[in-house]
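Chains here go by letter, A, B, C, D, E and F, matching the order in which they are written, and residues are numbered from 1 within each.
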């Protein structure tokens, strides 16, 4: 008889989530397609004024990616909660926080990463100047895991409730505002040719903090949620 | 023993869906809050330039409402499919098309209507000129049921598949573009003080057609989807 | 002295005792609130002269500012009570935290509404996305989130734990609201009333403002008492003392 | 109950087979079910009982063999309202109470003369639970709420897929009594189960899946 | 199996009660479960068997009475990895195959010496179904896939909530044999059921809910 | 009389000042009334629950009678 080592457990869980995501790759593609739809419809909604589009391109891409992520966030624990897998995970002899960290990682890999990959495409659909591209990508690389991590805590909090949808959105809003402010700040500075490291550094610091604290908070929240 | 008359069955189903929506009112509020989040984040994403905001306000509100609706569309049959209620509905002695019409109506009432109600608020958060408000509301009143009806057919088609998400999005995009073009056209005209009845009339005609045909198509699609 | 206070607190911590205590405190608190409120309104609306620059419009200050202060104060109370509830699992702390939220949300809403009305006149727009206004809006969302989360759970105590958790996380926003005018340059004006140093406001405007602040504090206490009583009834629904009340009011 | 001529069976299968992606699920089956008869479908796990049921409801399409309803090819429109199906998924909305769920069922299927909702709930042992959300019921209580539907809607043929699962002894008794009463009143029933049936109205016919 | 001093029971409940919003769900219970023992939990639908199980896993908090694990208050960290729970929800991902599901379980819970995944699947009668998506299995086959987990993970205490539901006769036999082997090897099990248990290793202890 | 009219006119800003005060009082009044209504509803529900529990207990004692008669 052998206890499962933590690393093995993490690998098993990560692998499971990635395989599941691959099996349901249609659902991964959803946020990406959603972002594409937004980017496609935008010129129709505003009329084909190139200068206008160019001006708002960076912000729109950021916003779209963030919103597409929020879309997928709701499903982070839903499947596992409904079929009893979450109970099995909580009852396993592994510490919960790193396990949840793995789930969040898998979620980021399967929802945010594809979005980041197509972000340059979206940006050029909206005629974002190429000079701003590095800032956009860097901002997304830092902002998306931050949203994943913080969002996961909120999703865990609402996991035990019936009305999760609204609550989640309610609680996510205050969280997204600062992330958005810093990311958009970096982007705007880059678009104007100003230095944009300061807001990026802030995002990085917040991310470092969240990587450590969010899984713990998530575990605590989930235990509260399951106790019903 | 008494057969259930169609009107009674319609009422029962409509009532059930409305009660369910009320019990899970958090989930109704989700699209609304989502739209609010978009409207809130937009100024952050673009910077607080009043003239710019004002210029894009109409299009953004339209797009936001449409996207928020698409968000909720995915769940139209999911719950009923998972707990077996859909089978019970299909097996009932009622013609399926009007029953599905009721479900679509309930869905429109619970997702689109709240969005239309808060649309003026969103519009004024983004400083849309008051003169364009009637056009906005009318466009929404016609465009949203159209999207609900056409979307329902697609949802029914994808109900039996695993990769519903992506398929749905893929098929919805070409459907949303014309709706968006007409609605945005009306709005742009109104914002410039031009007559805006023509695009609205087109939307109305499309809606009339959809009200008759969409439930029938939806019923046929659903029967195909369940046969697995 | 050092022994009876904990003892008294412990006794008060028992739900039926607190229920009775809150019932007795409530009329006094609301009476005082009304009295102070009337005095403050008389002072503010009638006695105080029109402002040199703003005319009579500034009179919104007498409700805007006390409400704004209360919105922050109540959040702080809620945060502390949530912390106590989560760490020591005291039922009464849960009740205080959760029942503070609606009152706080009400004051936050008032702040936003009156600020908007005032802004429409002063800044020519009822809303801009500056730091103070936005962080206050975020505060409202936090309150609503706490309330929603609390009621979303079937089990109230579970809901209180989850919502308390959220409340604690959200405490970060309180200093942001307060210092936003200092940290970022905003349209909203900076601090004018200074409790400890020199206030930049005329005396006959200051005293109604401070009186109104006391009135709102008293109102909070009174409202909290009423809400906590109702919540205790829900929370202790299975206990005999509540069933006796239920049976008593049936007649 | 609607009376049928005793000669034509209510439901008849002739050389009925089912394939899923060209793999056979169950072999050729022949059976007849008359009004007033109970038929048990027996078979191991995975032998195709649930699949057969779904075929009989018309949810799955019959591609090999024939399935006749009162002598004519079974089509949904023909048997609609005369068949009620209770499967592994109970078809109850978790957020509604049993009472509300049953009210919807009546709205869709119509109502047989006989007990009203309260009486039906009492009969299945859910008195006092009529207004609780189904989500909050135990596994067996959910099953009972679904069974109450049988008492309320006017259907000649009951298709019950493992009605005994999750029920306690009184619950199993209850299902047996419900079946007896239904058959005695001229109804018919097809039941799958792994052995809990004890039927006092004559030996039921049996269909063995996988021979 | 880990050997325990026969004196301290593996699991002990003292005046254990559970309330949901101040409404009692089940009354005070006292029982002891030693290694090598099987205990049946009996009770009608809705009597609180599932609730008791969830309490024993530590998912629900014990608020009234005591629950001891090897003599110390039961806390998740203390019994983690020694307890395995099989409830109404099987905890299988529908999109994965039984083999993949079991591999995850082993990753999380570790692996007992004994059969490997293929052998376990064969033992529960799923040979040949190892790579089918769980979604495509019949109700009983799903249950069997969940039971295979018991064979693979190292746990002393099995908490099985209605393991017999949806199983055919050989499946019921299978569960009985699994339980016997587990108990013979020094494990312990708590099982709820509505009557399918037939145990050859001495009369099991019984807990009556709502006695 | 004109004093009152002047007072109500608020130096021309009546349209801003009085709505602000109205919001203040209406919101607080709603806040004040909410717990009273909730209390009434709670007590009503509680009485229902007590009645239901008593019904269940009665059912528990004579469970056999709830079985349908055997044919």
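Everything that follows uses one rule, which is that contacts are C-beta pairs under 8 Å (C-beta built on N, C-alpha and C of every residue); 3 or more make two chains touch, one makes a residue touch a chain.
All values reported here derive from a predicted model rather than from experimental measurement.
Visitor: Would you kindly count the fewest steps from subunit B to subunit E, each step being a jump to a chain that touches the current one?
Guide: 2
Visitor: Let me check something: if the centre of a chain is the mean of its CA atoms, which chain is farthest from subunit E?
Guide: Relative to subunit E, the chain whose C-alpha centre sits farthest away is C.
Visitor: With chain centres set to the mean of the C-alpha atoms, which chain is at the far end from subunit D?
Guide: The chain lying farthest from subunit D is C.
Visitor: Any idea if subunit D and subunit E meet via the same residues, over half in common, or different ones?
Guide: Result for this pair: same.
Visitor: Which chain pair shares more contacting C-beta pairs: A-C, or A-E?
Guide: Greater number of contacting C-beta pairs: A-E.
Visitor: Let me have the rounded angstrom distance from the C-alpha centre of subunit C over to the C-alpha centre of subunit E, please.
Guide: 50
Visitor: If you average the CA atoms of subunit D and of subunit E, how many Å lie between those two points?
Guide: 31
Visitor: Find the geometric centre of each of subunit A and subunit F from their Cα atoms only, then give the gap between the two centres in Å, rounded to an integer.
Guide: That gives a centre separation of 40 Å.
Visitor: Got the subunit A residues that touch at least 2 other chains?
Guide: 23-24, 161-164, 166-167, 170, 173, 177, 227-228
Visitor: Could you tell me which residues belong to subunit C and also touch two or more other chains?
Guide: 148, 152, 154-155, 237
Visitor: What positions in subunit E touch 2 or more of the other chains?
Guide: 23, 44, 88, 95 - these are the residues of subunit E that touch more than one other chain.
Visitor: Per the contact definition, I'd like the list of subunit D residues that touch subunit E in the complex.
Guide: It comes out as residues 43-46, 49-50, 88, 125, 129, 137-141, 143-144, 162, 165-172, 194-195.
Visitor: Going by the contact rule at the top, pick out the subunit B residues touching subunit A in the complex.
Guide: Those in contact with subunit A are residues 23-30, 33-34, 36-38, 40-42, 44-47, 52, 55-56, 59-60, 62-63, 66-67, 70-71, 161-170, 172-173, 176-177, 180-181, 184, 188.
Visitor: Flag every residue of subunit B that touches subunit D in the complex, lowest number first.
Guide: 1-4, 8-9, 11-13, 15-16, 19-20, 23-24, 79, 82-85, 87-94, 99, 226-228
Visitor: Going by the contact rule set out above, which residues of subunit A touch subunit C in the complex?
Guide: 153-154, 157-158, 160-164, 166-167, 170-171, 173-174, 177, 217, 220-221, 224-225, 227-228
Visitor: So in the complex, which bits of subunit F are touching subunit C?
Guide: Subunit F residues touching subunit C: 7, 10-13, 16-17, 19-21, 23-24, 27-28, 30-32, 34-36, 38-39, 42-43, 46-47, 49-50.
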